[in-house]
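Going by the order they are written in, the chains are A, B and C; count residues from 1 in each one.
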Amino acid sequence: MTETSPEQTPKNSSFAFLRDLRFIQALAQAVFVILVLLAGRWLIGNLLESVQTRGLSLSFDFFRRTAGFVVGEGLPMERTDTFWYAYLIGLYNSLRVIGIGLLLATVVGVLAGIALLSTNWLLRSLVSIYVEIMRNTPLLVQLFFIYFGIILKLPSLQDRITVGAFSLSNRGFYFPKPIPGTGFPLWIAVTLAAVVVSIVLYRVLLNRRVQQGVETRPLLWSGIILIGVPAAVWIFTPGHPLALDYPALQGLRMEGGATLSPEFAGILVGLVLYTGAFIADIVRAGILAVAKGQQEAATALGLSKSQVLRLVVLPQAMRVIIPPLTNQFLNLAKNSSLAVGVGYPDLYNVSSTIFNQSGQAVQVISLMMGTYLVMSLLISAVMNYLNSRLQIKER
Amino acid sequence: MSDPIILCKDVHKWYGNFQALKGVSMEVQKGEVIVIFGPSGSGKSTFIRTINRLEEHQKGTIIVDGIELTHDVRNIAAIRSEIGMVFQQFNLFPHLSVLQNVTLAPIWVRKWPKDKAEQVAHDLLERVGIPEQAEKYPGQLSGGQQQRVAIARALAMQPKIMLFDEPTSALDPEMIKEVLDVMTELAKTGMTMLVVTHEMSFARAVAHRMYFFDAGQVVESGTPDEVFKNPQEDRTKLFLSQILTH
Amino acid sequence: MTAPSIPTTEKPPVASVGVLGWLRQNLFSSVANSLLTLISAAFLMFFGQAVLTWAFTQANWGAVTGNLQVLTWGRYPESQVWRLGVSVLILLVLGGLTWWLWRRGAESPARRGLLFGWAVSPVALTILIHGITLPTPATISNNFGYYLFRPDVLPLLEESWRGGAACIVIGLLGGLTWGYLQGRRRVLGLVACGLILLFLLPLGLQSEPWFFGVQVPILLPMAIDLLLATLVGNAAGRSLSNFEGLRRWLPWIWGLTLLLVVILLTTFDVGVARVAPVETLPIVSPNIWSGIMLTLLLAVVSIVASFPIGVLLALGRRSKLPIVRGFCILFIEVVRGVPLITILFMAQVMLPLFLPLEISIDRVVRAMAGMTLFTAAYLAEIVRGGLQAVRNEQVEAARALGLSEVLVTVLIVLPQALRAVIPPIMGQFVSIFKDTSLVAIVGLLDLLAVGQSVIKQREYLGAVREIYLFAGLFYFVVSYAMSVASRRLEVQLGVVDS
């Protein structure tokens, strides 16, 4: 048993401040900072030395130099264009894939998620096998399989599969390209106006029905406006708003029309199927998370099945779904960088080529990583905003 | 009269702009049992938690067994090793067995060999009445049993002072008595105890002095007889009437 | 009036139980459902038939079966492949024993042996897989002479760093002994260390360029290493001072450490064949490691190395010291915000730039570094979630008992935090295992890259699907097994915690 009497009190000597908690904390931080600075100095010193020895620099000026290579798709490019232009094309390509990919993956994911909850055993089993395969194999392997094993094994251009104006070959997917005619600006303006009007009309009519109890058929009227007005303008404008440019085989290439390159198709299909599987699981978990009692109460009140889903289950499920969904969206954006595996010139691919041509590692990598960081931050910010709008107010 | 084992002079504590303790002074002699009571939010728990530095006081002096409580880490460690604390929510470590809960601190802080620590632990578990639960995990025990383990865990460090922060408030009524019995027996062995509680029967039976806290201050203090039979302040009278007649 | 007869139990209608009933409920319960069933069945049959026909008639499975060896261990020399087998065996034995002991929950001495086995395994496995060069007795006697009689040669051979490294080891050992033992014994340890250090004194008196090119006597960096190592060893020794069992191990630790110091100091080649160190186990350079062997190695190393770093990052992120917290947050958010491929690219291309020109690290090691950092950041977020789940009262109770902050974290907070997040951690490990496939893009020869090279061979030119299906199957089997194991682990731990 320790006995301390007043004489044995720890002495308050002049060194007592060393044991002061605040001093210790400040010291710990100072030591940490010094270590980080020393390490940083050593690393930077080595970096400067290495850069000098290899005849490189640390400025970003080299981006204005001539690229000396051409980016395969996205925007037209000449060999004499700059590195910076090439980089922008890469960024554009990444955004294309990510944008379309997010949309399609969500659609696939929601459908698959609902299918996982279906009462049909066969459907459920097939979809869950799909999900398990996607989740347990690496995306890169899937991409290789899809691109090298399926797309590149499609029939050649000569033997392409044709359905009407659409054709599929191992050089791409060809379809007619809409070309705006003289009446196009007018038609677009009218269509946009019709969209806005139909949305506003829907809300007004819905509101009136709720307030006054009168059946105003909001869906019917807004539907008529949405579809009828653009159609009418289309039929009755003198100049054709849209013409179609049909692709045709000229020698060894397809001329005209629009193309979906095999590379783009490869990365898009791969990303959509992979991310869709994860989203399916999230959607399923989200819907299951809504207590069964909610559904039962809603049905007991007389709501139809679709009304129960739309008004009671989905809003509550969304709250559970959005955080992990954000994660999957971020993953899709980051996974788009695997496009290099199928030869699609996305941001990473182009940056890697720029590095190979210029040797300027530090600048290229910083720019590339910075761009991805900004993308991630933007996606997170948008999703967080959505999330906060959906939060249930609690005590 | 020897020096008090706990001396608090004009202790103030702020949480941001809110002042939780407004100049509390108290002297506790060795072997005394002090009961602290008052309405919730009155600062009673905050006060006893400042004594073993779970909360930091911004103004005033606290001296425990001759050691002043300052930012000095050695002082803090020395004071904490002399004080044992029992919490309202027991706070047993769920990933360790009952025996391991009790022997953890003696082994790692006092650096006792394992056998000695386990021997002491078994003795203490016997003293609080649950020797057979040694190998069980806290989740398998009732509330009353868990609190008794918590008392044994605190006693294993052989403290000079025991602090109790509403030890029975989280217990089902039928288990309050078993814990109070242990505390009573502890008081009779001469342990210095500061107990924050609403159990007035305990206060009447064992306390040497009682302190009534309200709004961060000591409103009144005295022996149980004085406080129960002859409360001076109106607030004391009001509070006593609320808790003694229900 | 006659009493109503007791109704006999009847059998349910035929179409609602048994096979028919199941079919009706699950496949044909409504018109829409039946339609779905028919569509799904049609899809399944069309697709299944196409796949099966291909698999059995057109596929060239020889691409897989003929190349199994190169797919599994790549270019690892055939004569040395037995070393890989032994490594796998060691891991299986250790793993199996751990699982078995865990199930029995015994506090047996076997636990100590197992712990020792796991602690030693990284070193043992590295030696097995990489190979090792050891000094012969002739090497030892020859090279020791340099330290005593010709210390000036050592800086010229660029081997003077061995002095500093030896000081670190000796410092750790001496500090540990001083902190752990009491009285006369520890003075003995100190004296022994002193004698060894005396031996290094001639080397210390040589000078070589240090920070900023300034010429300093090697004694200076050696002394700093020694001091720091001693402090660390001392702290370790003191905190372990009530582990009685360590006392028995101490002579063994001394013996092994001295052996290590001898090897460390004498394993360099002076150009004379007779006294050169020999490749006791032939060295297989990391850039030859390829195939499934590389995939597994990358995954295991990333998982094991990222764990302590991830935990430290998570603790640092919750620290009250703002600079530490800011640093950790910055690191975690940056690493998590960029694709893994950019981190691997950075590791391959930028890492050498940050190191002194004389040091070169192998591409495989660079990839390991990249994957470890990546995993550590994700682990840090997972562990942070676990740390938040530990109630603050637990920390208070531990502090009230007098435990120091370090002990509170190690004994109370971390066990509870980690236990709470085992499922997500296991999920992350599965993810890392799959992510090792990305090294194929930065030029390492993992399973995927070896597969690609097989496809380029003339005889297997078109066997794309076969190879990638094989790779996919491999990943699937291992990932699925890991997921199943993780779920069983959850269940088991759930039982213990109740």
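Methods note: a residue touches a chain if its C-beta (ideal position, glycine included) is under 8 Å from a C-beta of that chain, and two chains touch if they have at least 3 such contacts.
Nothing here was measured: the structure is a model prediction, and the numbers come from that model.
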By C-beta contact count, B-C versus A-B, the higher one is B-C
Centre-most chain, if every chain is reduced to its averaged C-alpha atoms
C
Distance between the CA centroids of chain A and chain C (whole Å) is 32
Centroid from C-alpha atoms only, then distance chain A to chain B, rounded to Å. What do you get?
57
At what distance in angstrom does the C-alpha mean of chain C lie from that of chain B?
47
If I count partner chains per residue in chain A, which residues reach a count of at least 2?
none
Multi-chain touching residues of chain B, meaning two or more other chains, are 81
Touching residues on chain C, where the partner in the complex is chain B:
241-242, 244, 393-394, 396-404, 407, 411-412, 415-416, 419, 496-498
Report the residues of chain B in contact with chain C in the complex, numbered from low to high.
52, 54, 77, 80-81, 83-85, 87, 89, 91-95, 104-105, 107-109, 111-114, 137, 139-140, 153-154, 157
Name, in rising order, each residue of chain A that touches chain B in their complex.
1-2, 4-6, 9-10, 16, 19-24
Would you pull the chain B residues touching chain A in the complex into a rising list?
3, 65-68, 70-76, 78, 81-82, 158
Could you please specify the touching residues of chain A with respect to chain C in the complex?
25, 28-29, 32-33, 36, 43, 46-47, 49-51, 53, 118-123, 126, 132-133, 135-142, 144-145, 148-149, 152-153, 334-338, 340-341, 348, 352, 355, 361-362, 365, 368-369, 372-373, 376-377
